[in-house]
C-alpha cells in the first residue's frame, strides 16, 4: 500500500481504487444493487419519480425504478462499452501500425495515409455519423466509436516500431537470417505491446465517456437496459423539478471519467520505470 | 589459388540525393580487395570514410551502385529474399555496443538459440548443449545461459555477441568496432578471444574500426579508407613499417611519445616537494 | 603552491542500498601551466573527481577531503562561484554542449556579456579574437553559423573559445577528443597545448586513452577504483610505471605486444562501488600480490617526482 502511494501519489491511488470499485460494482451488480429487478429494467410504478429517501437512496425514475440500482447495472454496460471499444481499436490499430512501421516504404505510406483520412474528421462527429448510419444498439455504438479510435493506436504502434526497428538487436536478428514474422513476434510485438496496452487500459475511461455521449443522443444502448448516458437524457424531461434523475447518473459519469484521467496522469509520470518499451 | 572468402571488386556506393540535386560523391568510390581464408582483414577509417557504408553493403543492408561482391565465389549481390536469408548464415556479425545488440527481453540462451532456430534448428537438450558449447568457446560458463544481457559486464556481453555470431558456424565473421565501447583491459580480453577463435576454428574475419592500432594488432591485411577512397591496402606489416599514405602515417603516430619530447615545456616542471608526505597518500608537500 | 591541491578526496553518494563510493581517496596536485592527465577505466572515479572540482557532484553526495583547494580557496565552499569564472569545462560531446537553435554569435556573446561589461562592437571583436585563437580559419563566418553547420572538431573549438571567454585560467576537459576522429582529436589536443603556452592556462585532462595522455599531457595521475594510485611526469608513468595496475593497463594496449601475439589482459573485475576496501584495491587482480596487500593500505613509493602506492619494494615491482 505504502509502495503504491509512493509510486502513484495520493490522487493516483485514490483514482485507482475508484476505478476498481466500479469494476467490482459491474461484476457484482445483481448482489449489490438494492433492487436487482429494477436495475435490470423492471418497472415499479408505485414509486414514480420519488426523491432520494431511505428506501431509494438516489431516488427513482419515471417508471419508479431505483436509480442507484440502475446506475449499478449501468456500470456493466459502460465498462464493457469502454473495454470493447479499446479492444476493437487495438485489434485494428496495432497490426496496421506494426506493418507500417516495420516494412516502411510504400506499405507505410499507404497505411498511414489511410489512417490520416480517419483522423481528418472530428472524432465525436464521425462517431455520431457512424452510429446514425448503423442504427442504435450496443454493438453498433461500440463499432462507431472504435472507428474513430483505432488510428491513434496505429500511429502510436508505428512510432514505437520505428524506434525498435533501428535497434541493433533487431538488426542482428535480421542478419542472422531470422524471418520477418519471427522478428515481429519475438522482438517487436512484446516491446510495442506493453506501452500500447497501458495506453489502452487508460483509454477505457475516455472511451466509455464517448459511448455515454452517443447513448445520450439516443444512438447507444436501447431501453430497458440501464445506461448512464441514456438515463441523463431521459431525466432531462423532468429537470430541474426532479433533478436527481439526471444528476445522479451524470455525477457518476463525471466521477469515473475523472478517476480514469487522474490515474492515467499518475501512471504516465510514475516514479521508477515508465510504460515505454526502451530497456 | 584457392577462392578467397570475400572478393570485392570495384564497389561503388552512392546515396540517393533529391530528384534535382547534383549527383553526390560516392560514399564508397571503387573499393576492391580480397580476404583469404583463415585471415583477418582490418578496415580502418574515420567518420565519413565510407567504411560503414562498405560494411553495410557487404551485409546487404545497403544497395550498391555498381561493382561485385563474391562470398566464397558466390555472387553475393544476386541473392534475394528467402535465398538471401538462408545464405546469411555464412556471415556472423558482431556490433559495437553489446547491450544494444542483445535483446533486453531474452535470456542468453534464447539469444544464442535464435539464429539456430531461424535456420531450422530444434529446441531440446541437443540445442542446450550446443549453445553451452558456444558460450564456453567464448570463455563464459554455462550458468550464464539463464541470465539477461543487463546482468552482464560489457566484456561478458560482447562475448555473448561473439558466441551468437558463431552459432551458425559462419565462414566469415564481421566485427564492427567490437571493442570501441570497452575499457582497455577488457578490449585486450576480447582481442585475445578473437585470436584464439581464429586459431582454433580457422575463422576469417573482417574487422572494421576507427582505431588503427587495435586492428593492426590482430589483422593480417589492412585496408585504410578516407573520404570514400581506399588509400592503403597491403599486408599489415608493410603498412606499419612503411605506410604509403600520409594519412596512415598520421594515424600511426598519434600517441607516440616522440611527438612530444621535442616540445619545450615537457618535463620542465619543478617536481613538487616530497617531504612530509602522508603515508598511504599520493599527496606531496604539506606546504 | 599547486593551483589545484586535492588531498585524499572522497565522494560518496548515499543510496537505499548503502553508500556508493564514487571517489575513495584521490590526491591531485596540479601546477600552474601544465596539462595534467587523469586516466582510468570506467568506474575509477575520474569523472566524479572533475564534477566535484566543478561543484557539480550529485545532490546529497558527501565530499570529504584533507585538502580540497583551488588557488588557496576551499572548493567545498567556493566551487560554484569559481565555476564559469576561473574554472571552465570542456565536455566530451561538443554537439550537446552547444544549443542547436542559436547561432554561434549569440552563444559566444551570451558568455562574453556575462563576464565583461563591454559595448556590442567590442564584444563582437572579442568573440572573433577568441574564435581565431582556437584556430578557426574564418571566425566571422563561424559566428554566423549554427552548430550543425560545423564539423565536430570546429564545434569543440567553439566550446573551447567559450571556456576562454569566461576568463577561466583552469580548464577541466572530460574526454575532449573521444567523440572526435583521431586526426581531428590530435588537432584539438595541439590547440590545447598551444593555449597552455600562450595564455598560461592549466588543464585537467580526464581520459581513458593512454594515447591522449602521451600526446598532450605533462604529468599524469592514474586512478583505480576511486583512488589515485600513481602520479608523475608522463614519460616516467608511461615508460617506467611503478604500480602493477598501470603496468597491466599499458601491457593491455594492442600496440604493446608484437602483432598477433596475445595481449596481457587484466583478469577479474574492479571492486564493487559499494564495497569497503581494506588494503590495495588492485590486490585481487594483481599478478604479484603479497599477503599483506589485501589487509594494509599500501605505502607510497617514489622515484623523484614519480610516486605510486604499492607494497612491493621499488625494484621488485
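We just call them A, B and C in the order they show up, numbering each chain from 1.
The rule we apply is simple: a contact is a pair of C-beta atoms (placed from the backbone, for glycine too) under 8 Å apart; a residue touches a chain by one contact, two chains touch by 3 or more.
Everything quoted here is computed from the prediction, not taken from an experiment.
Among the remaining chains, the Cα-based centre furthest from that of chain A is the centre of C.
When every chain is represented by the mean of its C-alpha atoms, the one lying closest to the mean of all protein C-alpha atoms is B. Each chain gets one centre point, the mean of its Cα atoms, and the points for chain B and chain C are 28 Å apart. Centroids of chain A and chain B (each the mean of its C-alpha atoms) stand 50 Å apart.
With each centre defined as the average position of its C-alpha atoms, the distance from chain A to chain C rounds to 55 Å. The part of chain B that touches chain A in the complex is made up of residues 59, 61, 85-89, 91, 93, 95-97, 100-106, 114-115, 117-119, 150, 161, 164, 167-168.
By the touch criterion stated above, chain A contacts chain B in their complex at residues 167-169, 171-173, 175-179, 182, 186-187, 190-191, 279.
By the touch criterion stated above, chain B contacts chain C in their complex at residues 46-47, 153, 183-189, 191-192, 195, 210-214, 216-218, 236-237, 240, 247, 250-251, 254-257, 259-261, 263, 265-272, 274, 277-284, 287. Those residues of chain C lying in contact with chain B across their complex are 1-2, 6-8, 25, 27, 29, 31, 33-34, 41-42, 66-67, 152, 181-186, 193, 196-197, 208-212, 214-216, 218-219, 221, 228-231, 233-235, 238-239, 248-249, 252-255, 257, 259-260, 262-266, 269, 297-300, 302, 304-305, 307-309.
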